[in-house]
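Chain lettering (A, B, C and D) follows the sequence in which the chains are written, and residue indices restart at 1 in each chain.
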Amino acid sequence: MKQLWLIPALPLAGFLLNGLVALVASSMRAEKESGADHPGVPLPYAQRLFHGVVGVGSVGLAAVLSFAALVPYALGSMHAPEGLAPIVQKVYTWMAAGDYTVDVAFRLDTLSALMLSFVTLVGTLIHVYSVGYMQKEEGYGRYFSYLNLFMFAMLTLVLADSLPLLFVGWEGVGLCSYLLIGYYYDKDFAVAAGKKAFIANRVGDFGMVLGIFGVFALFGTADFSFVELAKRQVLAGNAPLGVYAVCLLLFLGACGKSAQGPLYVWLPDAMAGPTPVSALIHAATMVTAGVYLIARCSALFVLAPDALTLVAWIGAGTAIFAATIGLAQNDIKKVLAYSTVSQLGYMFLACGVGAFGAGMFHVFTHSFFKACLFLGSGSVIHAMHHEQDMRKMGGLAGRIPQTFRTMLVATLAIAGIFPLAGFFSKDMILGSAAASGHWVLYLVGLFTAGLTAFYMFRLVSMTFFGAPRGHAEHAHESPATMTVPLWILAAFSVVAGAVGIPAILGGTDAVGRFLEPSVAHPPIGEMAHGLEIGLMLLSLGVAVTGLAWAWRWYGRAAGPVEAVSPQAHAFYEKTGALGRLVANRWNVDEGIEALVLSPFRKIGTFLWRGFDALFIDGIANASAFLVELLGDLLRFFTTGHVRNYALAFTLGFAALVAYVWMS
Amino acid sequence: MTGALPGVAPMAVPPGAFLVVATLLFAIGLAGALLKRNALSIFLSIELMLNAVNLLFLTYARMRGDLAGQMIVFFVIAVAAAEAAVGLAIFVALFRTHRTVDVDKIALLKW
Amino acid sequence: MPALSGELVVFGFASFLALAFALLMVVQKTPVRSVLSLVVTFFGLSVLAILLAAPFIAALQIFVYAGAILVLFLFVIMLLNLKEETADKDDRPVQRTLGLLVALALGGLLAGATLRAPVPPRGALTGTRIPMPDEIPALGRLLFSDYLFAFEVLSLLLLVAAVGALLLSKRRFE
Amino acid sequence: MSPALATALEGTAKIAFVWGVVLGAVLPNLIWVERRMAGLIQDRPGPNRVGPFGLLQAIADILKMFMKEDVVPMYADRLLHTIAPLILLVPAMTTFAVIPFGSSIYLFDRDIPLVIADVNIGILYVFALTSIGIYGLVLAGWASNNKFALLGGLRSSAQVISYELAMGIAAIAVFLAAGSLRLTKVVEYQASGTFLGFLPLWNCFPQALGCMIFVVSAFAETNRLPFDLPEAEAELVAGYHTEYSAFRFGMFFMAEYLNLIAASAMMATLYFGGWSLPGLHPTGILGGVISIAVFAAKTGFFIFLFIWVRWTLPRFRFDQLMNLGWKVFLPLALLNLIVTGALVLWGVV
């Protein structure tokens, strides 16, 4: 395919079309009926149709194009011994400084191909889903224009051939996530969540930008040819230390975007946005950008093993940390959010132990079942009339069967039950962790897998099993535009693992070999086949245990129809103080508040009250006062008589002439 | 003194004479501008000063055998036209509000 | 050579006319008469202009200055019906005496300065000589080549002035 | 005989000739002609008592004027009231200086161009004088200390200034074509070739629009009907010369006719080829005389036109007059200028 640039360009066009129409229409509306937006008043059908067609159409077309581009390439590279050379297409020169130029150029190699495949696929499905889900919203057009804009940014990010261009996409997705989290701008918590996400990302981006500069300083270029240089270890300047610093900075950026370490705080709040947004941005695509970045720069990271180890540890830590929080959440979307964080932790763990392929593999599979789960939860919320508290659900299995089945499949997938997608990817990660000899990390991952299985099945049980609570009995199934994507995603979460079946199970670790040309693959120790099989069985066992445990605690129990059910408290009763701490999310937000925010606020207050108000303003006022005094003095000379002015003027002029004359 | 320029007849009158006349005119105009109280008369005096300067320009143009001076005079005249139009309009407006154009009676700029 | 003496005579007459009527304009109490004296002064000036080989400017002096601008003055004076300058005595003796002194002093200074000032060599500004006797086409060529921008700006200025005058002299601003 | 003296003599002779003809011959008969024409148009005999066909009527009128008492109103500004008519009259008389009234005549073995002063600013001179003429009217109005007179004066100044614009711009086109401000050059240009092959190169053909504007504006410039508002009897008694009597009034009278003649001469010169006639190449004494005759004929035609129009058309209203001048003629004149420029550019004229 010749025009890669068309792939991001199409959603951009969609954004412009939708945005313009939405603006014009809403302003016309505002004129017609005084007052801008009318909550609950759905748009006229024609306009909805337009937005739907443009929104879905542009992204769908982009998806078709990208598959037209990547399928031949993928096949070609599968059969080529060394993999095909990346396709790089320059669109135009963006910046030129001296002899160094930054081009707007797009790159298609196996890594971006992999990303492209699921980004466009999931993106399209979620657009379709949104058509049904957002039907009643009066911000329909706005929503779709933002969503298209996001797709544009994400595709730019994926296809970019240079860090600066990637950064454009990076910021673009950040902006869209902000806009879409704050989609319900009349709700304070949504606005606050949007700001939180934006600021947390700023912290990361600060590292990101410095990292880009660092890369430029190291290699004298910022486009991805530096990866080759890094592979050949062609470095400028103080290499080891520099590389280490650059890696840490880039990783900081990745943490911001992918909610790792302390920067995870924004992701759970981001659930304030519409559910499809959570599915698309905060589960499937955007949050994986960090992993993508690490994989992109893997060649660089390999040069700084300590940095890699740090990545691994932070990943593992985040994984188990988030998982524990997930155990106690009652908001269905919050559970999924924390699960996302912890899964992302898995991916970083994989990258950290040097198995970048495994990490990307998990990104790939995770996008499907997590998107499916989110969309499913969306369908549940839809059915429950915007009720998100699982304590008020229950017994929905029979009422919304399709949602139930698809979510069950996805749950099993994420829990890592054989032979669903999650099993293979997660096992590849654990396997490589073990193989690389980080046994502690392995154990952490294993335990987290158990927790994952537990909280996921807890979610399913509380939602679908037992007796209906709250309004659960008048729940009804969602329209086809929502269920069809669910089924498709469910199907993918079953089969997606097929691309990564390890050799030991008679598969050909396709994805690993596929990614070889574009990501580094440092040597990881080999394991005896027996041990490998054993570990697989072990993780499978852990997963099953988790499921069973959740079933025991939550599955059978039925509760009164009144809202808060015993099961809600079950977790505390059974785990005591630790559980309570976990339920309070380890008081992380409070900690950040106490350690970071409040000191800053104090400093700010001081600078405002003390420095600005007294000192700066003091100077200004003093000077003003002086001028006033001077004015009082001078005003006696302004008689208001033109002739006096003329006379004075002439006197001055005469003096001037006299001076010239004399000199 | 430039002497006989090619294409320009020699000046029979010493250019200094022109200069003196011009400066005297300027002085007279200035005196008028400073002494008269009727705004229109002041305006007239200013016109006179302008013309005095024009005469200077013409003289120098003649002395240097250079058209630039005449060009400038042309522009001065045009600008004077614009100035007169606006100035007189202002006086009319002024008269409408104050029933006089005596600049001593109109001292709005006083503090 | 008679032509020379003739030129001198003309110069003397014209400059006398200009100066005398300029003075008259200043001492004149009736605005209308001041305007008329100024007209005569302009006649003298245009004669001087002809002596200075600038017939075009001379014509403009009469055509534009005397013919249009001063008529406008006359027009306004009649419109406002200004008879004598306000009868009551000038109550600003300081202004009066000082103004006179300054005017004279400055006049003397300038006269001296101009007489002492050196004439810049020809072509210091532009190389265009006065092609006698028919210099008008040359002026035109200069106006539309070297001075084109100034010319355009000038036209804009005139337009603005016209609009401004109209606006100012409107009775009410709607 | 020294050349300087010869030049002086020549000039004096020409001045004497022109003024002799204009004041002595044309002016008196013009009075008679106008009144007879009026009679003709109004279907009445007109003056026919004094002398044959009343030819001596003009003499009688002039005598009467000189006999009458010269009244100066009590509160008038004496000085201005006295000089106003002169200010009007002098420019009217000096206009003729630049108008070439013939090709050239060979006398006393020297070739005498038939124009008093062939100055290089030609038309500008004429316009300058016209604009001076305004003062006569305005001051007459002002000095009489009479509201009708004042109104008349103001009207005249407004009117003349306004139409000078249209007139001037129309005239510019002429010089654009001729390439010089000299009226002699203008005439020579018109005599020089043909327009579209079959017409004489008279400016009235390529610049019909400009010609029309010039002619109509000339009516306004000379305060003749239908533009004689400064002296509109019906509204202003007699306008600016309400307070004038006897020979001062006579001067206004003269001035009006002189302006009329001058305007006719200008039209003939600028737009109708002056003294030239297609196929006529005057040489020697006879040629000179013939050229003078041609010029006289053309001028005479326009004088006739003036009179004819006066007794045919009703008077405009002042606002109509102003609208015509500013909103119709000025733009049209500019258009004419542009068109002429194009013609010159493409070498059509």
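We adopt the following convention: a residue touches a chain if its C-beta (ideal position, glycine included) is under 8 Å from a C-beta of that chain, and two chains touch if they have at least 3 such contacts.
A quick note: this is a predicted structure, and the numbers were derived from the prediction, not measured.
Asker: Would you mind naming the chains that touch chain C and likewise touch chain D?
Answerer: Chains that touch both chain C and chain D, as defined above, do not exist here.
Asker: Starting from the Cα centroid of chain A, hunt down the chain whose centroid lies farthest away.
Answerer: Result for max centroid distance from chain A is chain D.
Asker: Provide the C-alpha centroid distance between chain A and chain D, rounded to the nearest whole angstrom.
Answerer: One centre to the other, that is 91 Å.
Asker: If you average the CA atoms of chain A and of chain C, how many Å lie between those two points?
Answerer: One centre to the other, that is 78 Å.
Asker: Taking each chain's centre as its mean C-alpha position, how far apart are chain B and chain D in Å?
Answerer: 33
Asker: Which whole number of Å gives the spacing of the CA centres of chain A and chain B?
Answerer: The mean C-alpha positions of chain A and chain B differ by 76 Å.
Asker: Any chance you could list the residues of chain D touching two or more other chains?
Answerer: Chain D, residues with two or more chain partners: not present.
Asker: Mind pulling the chain A residues that touch 2 or more other chains?
Answerer: Counting only residues that touch two or more other chains, chain A contributes 641, 643, 647, 650.
Asker: Can you tell me which residues of chain C touch two or more of the remaining chains?
Answerer: Residues 3, 56, 60, 68, 79, 92, 95, 99, 102-103, 106, 110, 135 of chain C each touch two or more of the other chains.
Asker: Can you name every chain pair that touches?
Answerer: A-B, A-C, B-C, C-D
Asker: Touching residues of chain C toward chain A in the complex: what are they?
Answerer: Interface residues on chain C, with respect to chain A: 92, 95, 98-99, 102-103, 105-106, 109-110, 112-113, 116.
Asker: Give every residue of chain B touching chain C within the complex, in rising order.
Answerer: Going through chain B, the ones touching chain C are 2, 5-9, 12-13, 16-32, 34-38, 40-41, 43-45, 47-48, 51, 54-56, 58-68, 70-71, 73-75, 77-86, 88-93, 95-96, 100-102, 104-105.
Asker: Mind pulling up the chain B residues that touch chain A in the complex?
Answerer: 30, 33-34, 37, 42, 103-104, 106-111
Asker: Give every residue of chain C touching chain B within the complex, in rising order.
Answerer: Listed in rising order, the residues of chain C that touch chain B are 3-5, 7-8, 11, 15, 18-19, 22-23, 25-26, 31, 34-35, 38, 41-42, 45, 48-49, 51-54, 56-57, 60-61, 64-65, 68-70, 72-73, 76-77, 79-80, 82, 85-86, 90-92, 95-96, 99-100, 102-104, 106-108, 110-111, 114-115, 119-126, 128-132, 135, 138-139, 142-143, 146-147, 150, 154, 157-158, 160-162, 164-166, 168-169, 171.
Asker: Provide the residue numbers of chain C that touch chain D in the complex, in ascending order.
Answerer: Contact set of chain C toward chain D: 2-3, 30, 32-33, 36, 39, 55-56, 58-60, 62-63, 66-68, 71, 74-75, 78-79, 133-137.
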